[in-house]
Amino acid sequence: MVIAEVDASAQKVNALAAQSQACLHNFLHVRRQTLALVAPLSPEDMVVQSMPDASPTKWHLAHTSWFFEAFILKPFKADFCWFNTAYNHLFNSYYESVGPRHARPYRGMLTRPSLEEVKQYRTYIDDAVQTLVRTVQCETQLQQIMALMTLGIHHEMQHQELISTDILHLLWHNPLRPTIYPCNSSSTQTTSNLTPLRMIDFDGGIVSVGQNLNADNFSYDCEGPAHNTLLQPYRLSNRLITNEEWLAFIADGGYSNSLLWLSDGWATVQKHQWQAPLYWLEHDGAWQQYGLDGLQPLLNSAPVCHVSYYEADAFARWAGKRLPLEHEWEVAAQRQAIEGNFLEDNAFRPQPSDSKVMTQLFGNVWQWTQSPFSPYPGFNAQAGALGEYNGKFMNNQYVLRGGSCVTPKQQLRTSYRNFFYPHHRWQFSGLRLAEYQ
Amino acid sequence: MVIAEVDASAQKVNALAAQSQACLHNFLHVRRQTLALVAPLSPEDMVVQSMPDASPTKWHLAHTSWFFEAFILKPFKADFCWFNTAYNHLFNSYYESVGPRHARPYRGMLTRPSLEEVKQYRTYIDDAVQTLVRTVQCETQLQQIMALMTLGIHHEMQHQELISTDILHLLWHNPLRPTIYPCNSSSTQTTSNLTPLRMIDFDGGIVSVGQNLNADNFSYDCEGPAHNTLLQPYRLSNRLITNEEWLAFIADGGYSNSLLWLSDGWATVQKHQWQAPLYWLEHDGAWQQYGLDGLQPLLNSAPVCHVSYYEADAFARWAGKRLPLEHEWEVAAQRQAIEGNFLEDNAFRPQPSDSKVMTQLFGNVWQWTQSPFSPYPGFNAQAGALGEYNGKFMNNQYVLRGGSCVTPKQQLRTSYRNFFYPHHRWQFSGLRLAEYQ
Amino acid sequence: MVIAEVDASAQKVNALAAQSQACLHNFLHVRRQTLALVAPLSPEDMVVQSMPDASPTKWHLAHTSWFFEAFILKPFKADFCWFNTAYNHLFNSYYESVGPRHARPYRGMLTRPSLEEVKQYRTYIDDAVQTLVRTVQCETQLQQIMALMTLGIHHEMQHQELISTDILHLLWHNPLRPTIYPCNSSSTQTTSNLTPLRMIDFDGGIVSVGQNLNADNFSYDCEGPAHNTLLQPYRLSNRLITNEEWLAFIADGGYSNSLLWLSDGWATVQKHQWQAPLYWLEHDGAWQQYGLDGLQPLLNSAPVCHVSYYEADAFARWAGKRLPLEHEWEVAAQRQAIEGNFLEDNAFRPQPSDSKVMTQLFGNVWQWTQSPFSPYPGFNAQAGALGEYNGKFMNNQYVLRGGSCVTPKQQLRTSYRNFFYPHHRWQFSGLRLAEYQ
Amino acid sequence: MVIAEVDASAQKVNALAAQSQACLHNFLHVRRQTLALVAPLSPEDMVVQSMPDASPTKWHLAHTSWFFEAFILKPFKADFCWFNTAYNHLFNSYYESVGPRHARPYRGMLTRPSLEEVKQYRTYIDDAVQTLVRTVQCETQLQQIMALMTLGIHHEMQHQELISTDILHLLWHNPLRPTIYPCNSSSTQTTSNLTPLRMIDFDGGIVSVGQNLNADNFSYDCEGPAHNTLLQPYRLSNRLITNEEWLAFIADGGYSNSLLWLSDGWATVQKHQWQAPLYWLEHDGAWQQYGLDGLQPLLNSAPVCHVSYYEADAFARWAGKRLPLEHEWEVAAQRQAIEGNFLEDNAFRPQPSDSKVMTQLFGNVWQWTQSPFSPYPGFNAQAGALGEYNGKFMNNQYVLRGGSCVTPKQQLRTSYRNFFYPHHRWQFSGLRLAEYQ
C-alpha cells in the first residue's frame, strides 16, 4: 500500500526530526552547563596552566568548541571557513605532527585570544551547529552529524570534569586557598552512621562485559567490543575506603614501609615525599582538605580522594586485600542503577554512605582498578584523527571505574573506562577493596 | 613388617641423598658456567656500569654468591659469620630500607673488592654450600636447603643472562667495538630459505595456564597459581619477525609516523631519536649489527633483536596485526618441546629459521607480548625478603616469553614470565605477530 | 642675630618642604608611568609567567607597591597594619628563609588577588605614602622617608623595564604574535646612512670610576665606592653592532664554529640550538623580528638586540676584537650627556645611528661588558633586607652598561651597573666592540 | 776571527745539547713520577669515572701520552704514523667538533684498551720522543720540540694532580673507604702550637703582576702578559683557615644562614644539602676526614680543604672579611720562595703551620680568590688546537692560587692561575682571608 509506505516514510522522517531535536536540545544543555560551571571563575583563573597534565579553563572552553568545528562544521557545512584559522592550531589537541608533546605545556601561554573572544567563538559554534542541524537535507548526513554531535557532547562532558580537576589543582598553588563553589552542605563530622566495611561475595565464571559498539546508545571505542571473560569467585567491599581508614594507614607508617609498595610506587613516594593524599594539609595536629569549596576540616566518614594508584595499591596490600579487576567491578555495577554523588549534585566533594548494602558504585570518586588500560579482544581504533582518541593511551595507565562527584551523570556508563597514570593524584580518585574467595 | 618399613625409610634416605647429590652437581655446574661465561672479560671490563639499569659483571658474580650466603648459609650454617660483613651491604639488591634507588647507580663505583677477591668469595661460598649439604643431619632442613639452592641456581642463571646483556651494553659504548666471543658461525647472507610468514590458527576457549606452585619442579612465584583463562580464537605467526621485515618498516617511515605509535612510545622515539633497533649501525648505506661476537653485517633472515615494546607494538600495527597475549603464546608453547637457540649453543645471536611449521617459540629472542606484567588470580608474594623477588615489579612492565640466545636452556619453562619496561632495548628482545580470527 | 637664625631655619624648612614636594611629585609620576605602561595589557596578559626568570605583570605591579609598604609605611606610619597580610608573603621577593627559589616559579599561579584588587592596592599605597609625607613631623624621619622613596622610585623604574622584557617574552610564545604598542615609526629599510664602524682611541692610566655613595644624588650600593682603577690604552667602536653585521656573523657560520666560543657558551649554543638572536624568525629567506610593536622586518641598520653574553663574546672574537671592560665604557660615557633612545621615546626598539662621532653610549640596548659583576674595592652590602639587593648577585653574572629602549631615562647613570647571567637573552642586550691599542 | 766564531758556534751547539739533555731528563723524570703515583692502584681503580668532571686514571695516563704524540711526534717525526689511530679519538680532549660535551662522560666506558696496552703506549711514546730529540738535526726544530716538551711536561704534571683528585673522588663512593697511600705522619691532634690568625698589612699602589710570555721560563698563556694593576691597601691573613675555624662556622649555623651566601651559592647549598666540606663524615659526634691515606680523625689545626668557592666566600663573610683578589695574593707571594707541602712531600693532606710569619702561601691547599678567571690585558689565545688550552674557560670560573699537597712543586709559579667553577669541591681547595685597610 502506497499510503502506508508514505506513512512509514513520514514516520521515519518525524522520528528523525524528533531525534535531531532531542540531540540539539542535549547539545545546548551541555554547552550551557559548561558555561555555568566556569561562571565563578575570573578571566585570570581561566588562563593559567598549573602543570603540563592540566589545561587552562579557557583552553577547555575553546577546544571543546573546536571539536564541533573540526569534526562537524568542516565536513558538513556548505561554504565552510574557519572561525579563525589560528584556532585550528591553538585548540587542536590531536595534531601530533606539529609536536603536541612540546605544545601542550604552552597552553598556559595563551593570554590571547581573550576569554571574551573565546566566548564569542562558543556562541558562533553553537549557532552554526544549530543552523546546520536544522537545514541539512540529506538524512544520511543528518545521522552522521548526530552521531558526531553525540561524541562531541560526551567529549565536552569529559572536559567539564577536567575543568573541575584542573582549576582545583591551580588554585591549590595559591596560598590564599580560595573557594570556588561555596558549599551549603552541613557536613557535621559524625562517624556514628558509617557503614562497617564488609566484603561481599560474587560468583566467578564466564561473564559478559563491555559495550556492543553497534548499539544505538553512545559509548567510546575502548569500551568494546562486548565480550566474555572468565572471573574467579571474588569479593568486593560494600563501600569505598574512607578518610578515617586512610588515617589509620598513615598512623601505621604506611607511607614509610617499602614492603607495602610497588617498586615504582616506592620510588615515586620517595621522590615526591608523599605523606598524605593530595590536597590534605595538617595544621596543629588536625587535618584539613582543600577542595572546590575551599579549605574544610577532613570528614572522617567521606571516601578518601586524590590518591594515586600507587597509594591505593599500597593501602590494599596493607589491608590484606587487593584492588578489584575492572570486570569484577563491572559485574557488580551491572546490577545497579547509575545513581550517586555526581556533578549535578553540586557537592563537589565525596560524601559518606550510610547504606548497609553494596553502595557507592557510582559517583563520589573514581575507583582505581588493578587492570591496566589494555585493548579488549578485537578492539580496533577508529580511522582518522578521531582514532587517536583512546587507543594510543593503552599503555602504562590503569582503568578507573564509577565516576566522581565532578563527573556529569549523563557521562557515566557501567562499561565506562576512565584511565590515568599510576602516579596521578589530581583526579577525584579513591578506591574500593577486593579479594579472591 | 618391620623390615619393609626400614627399607622404605632407607629408600627414602637414599632418594634424598641422590637428590641432594644431583642438586649439588647442578649447583656446581651452574656456578662454573658463570665463570666460563666471564672468562674472556678483563677485570676492567667487569667493574664498569654503563647505565643504572645494568650492573657490572663483578657485581653479578658477587651478588649471586651473596644470595647463597644470605638465604642458605646464614639461616642453616652453624657458627655462621659473614665472609665479609661489608659484602652484605655491597652485594644485596633487596635492602630497600637503605635506599637501593640511590645505591643502584653506584654499583659501578666498586673498584674494590677486586675481581680476585670476588672470585675467592665465590670459591668460599661454593665450598661452604657443599660442606653444608653434605653435613646437615636434619632431613627437613636438607629439603629446605635444596629448595633454596634451586632458587639460587635459577637466580644465578637469570644473572648469567644479565651478564651477557649488560656487558654488551657496556662494550657498545667503546668505539673500538670489541669482540667478546669470537663467532665461528658461517652465517652466509642468504634469505632464500627463509620461511614465508604465515598466520596459524588457534582455538579459543577456556585454557589452563600458569604453573602449579606446589608441584615438585621449580618455578617463580609469579608463574602461578595455575588457573583457567578464556581466550578468543586467534592466530600467531609461524616464526619471529626478521631483520629484513624490520628494514621494510624503516623504509616505510615507521619511525616517523606518529599514528603507528602508542602515545608514550612516540614520546620516547622523539626523545631518543630512535631510527633503528639498538646496536644497529649504518655505514655507507649498509647496516651492521653489534653483538657479543663484534660488529657483523646485518643478517636479513635472522630475527630482529633489541627492540623495545614500543617498537614491537608499532611494527605490529604497521603490519595490520598485534602482539600476542602472553597466554596465547603459552598455549602454543605447551604443545612443543623447549628447543631452540639458547646460551649453550654459543651462537650469541638470534639465528634464522627454515622450518615450515610453528617455530622459534623458544630461544633466539624474548618475545614481547601485549600483556602487562600483572598478578595471576590468587597470587601472593612470598613472605620476607624473597617476597620482593617479583611481586613489586607488577606495574608498568610487559611480559616477554620464550627465552633468548643468551638464556640458559635449563632456565626456561613454558610458564616462564620475563618482564621489562616498554622502553627497554638492551635485552635480547624481538617479536612474533598475532591477530584475532 | 636671632632673626637671621630663624630665617635660616625657616629656609631649611622651606627647602625640605620643597624637596618633599618634588619627591612626592616624582613618586606619583613614576607610579602613573607604570600604569600607563601596562594600559594595553589585559588581565589575562598580566597573570601568566613565561619562565622562572620572568614575572607576571600583575606581580610587578603588586611587588613595587609592597616595597613602599614594607620599607616606608611599616617603619614610619603610626598604627600601621598591612593592607593584606597575605600580600607580604605573596609579593615579597626578599624573604629567603621561606625559600624563594621554590616560590619564584609559582608567581604565575597567582590568579588571585585579581588585577582589580592589585590596582586598589596600588591606590591605597599611593594615598598612604602621600599622607605620610604630608603629615610626618620629624625632619629626620622625613629625610629617611625621602631617601627610601627615592630607592623605591628607582626600584619601580627597574620593574618598568622588567615589565617590558617579561611581557615580550610571554607574548613571544603566542603563535598569534600580538602587538602591544602599535609603532608609528616609519623605519624605512635604508642602510645608506649607517655610520661606518670605527675604533676610537682612549688613553689608559689611572681613572676615577664609580659613584660616591655619600653624594646627594641617588645610586645603588653596587655602584660605589668611587675609586681609582688602572686602564691600558684602548679603543671602543664608535657605535653599536648592527643587525646587518650580525647577519654577516651568521652567514660566516658563527653559530657553528666552536673555536669562536667560550666553553660554556658553546655548550649553551648546542643545548638550545641557537642560530640567531632571540625573537628573530626566518620566513621565506627573510628575517623578521618580534617586538613590543609586533612582528616587523629586520632593520639592518638597527643595533642587534636580545643576544646573550656568549653570543656577544663570540661575535667580538669573530671580529678580531673583544668586549669592553666596564670601566673602559664608563670613562667614555663620563664625557657625554645621557641622551638616547629610552622608554620615554616610545620606540620600543633599538634605532639606527647616523652620527659620525662616538654615539649610542646610552639607550637602545644594554651593552655587554667583559667584566664579571664583582664588588668594588671597599664595597659593603647594606644591613637588613635591603642588603640583599645587589651584593648577593655578585657571582656568575656580567655587567651591562648604558640602558636600553625600555629603560626609563631617569633610571640611568654613567655609573649604573646592570647585570645578568651570560646565557640570558630576554633583556634588550647588544654590544659595542673594544680592543687594546 | 774565524776560530772564535767556530768556538761560539760550537758553544751554542753544546749549550743546546745540554739543554736538550736536561729537557729529556726532566721529561723522563715526570713520566716516571706519573707511573709511581699510580702504582698502588689496580686496573679496576683506573678505569672507572666517578662523575663527568673527573676522568679515569687510565685515561689520564693515555691522554698525557697522546699529547706528546699529537703535538710533537706528528709534526716532527719522519714517517710518522699513529701508535693506534683509534687513540687519537679516544684520548684527545680537544676535539670539539665531534662533541666532547657528550664524549666526556663516556671516558669511564673505556674498559679497553687495557691498562697494559696503555702502559705499552706510554713506553712507546717515551722511546719515540727520546729518539726524536736525539736524532733531530735542525736546531730550530729542536728548539720548537723542546718548547713543546716543556708544555707537555707541565701538562702531565697538571694531570698528576688530577689523578690524585679524581681517584680520591672515586674511592669516596666506595663504602669500604680504602687507603691508597698509607700515611706515616704522626699527626698528633694538638692545637696548642697553632699560630693565631693575624691580618698582615700590604701597601696598595701600582704593582706588576703576571708573567712575561716571551721569557725563557715556562708559563701558561693565561699567566700573561705581565702588566701593571692598581691595588688598594689591603691585609691578608698570616695563614690558611683551619678545620677548627671551620667547625666554628658550622656550629654557628653557617650552612643554614642564607644571609651569608651568594644567591647562587645558597641555591647550591640547598640543592646538595651541604653541611660540611666534602669528604667529612660525622660519626658518634666526632668528625673524620677521608683522604688518600684513608679515613682519619679530623685534624683541627690543619687547613680546611675541599670547600667550594661558595663556602669559602660565605665563611669569609661570616668572619667579617673577604677572599683575596688574585693579585693581592700574587704580590704577597712574590716576596717568598716557593716552599710548602707539595706532592713530593708525600703527605697527601694539608698540614698545620706553626710559623709566626706570613706562611702557607704555597702548597697544602689551593686558595680561592675573589677574582673571576678573566683574560689579562692584551691576552691572546694561541692559534690552533693548543689555543683551546685556557682561553675558552675564561668564564664562570674563579682563580685559585698557591698549589696544594697534591701539586708537583715544579708545576707551581707565583703567577700560576688555577681555575675551577664556584661549586667545585673535589679539588684540594681552601682559603685565606683578606680585607681592605
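Order of writing sets the chain letters: A, B, C and D. Residues in each chain are counted from 1.
The criterion applied here is as follows: contacts are C-beta pairs under 8 Å (C-beta built on N, C-alpha and C of every residue); 3 or more make two chains touch, one makes a residue touch a chain.
If you're wondering where the values come from, they're calculated on a predicted model, not measured in any experiment.
Shared contact partners of subunit B and subunit D do not exist in this assembly.
Averaged C-alpha coordinates put the centre of subunit A at 48 Å from the centre of subunit C.
If each chain is reduced to the centroid of its CA atoms, subunit C and subunit D end up 40 Å from each other.
Separation between the centroids of subunit B and subunit C, computed from CA atoms only, is 62 Å. Counting partners per residue, subunit D has no residue that reaches two or more other chains.
Every pair of chains meeting the contact definition is listed here: A-B, A-C, B-D, C-D. Against subunit C, in their complex, subunit D makes its touches with residues 96-97, 99, 101, 206, 227-230, 232, 258-259, 261-267, 270, 313, 322, 370-372, 374-375, 377-378, 387-388, 392-396, 422, 436.
Every residue of subunit B that touches subunit D in the complex is listed here, in rising order: 42-48, 50, 58, 86, 89-90, 106, 108-115, 170-171, 173-176, 178.
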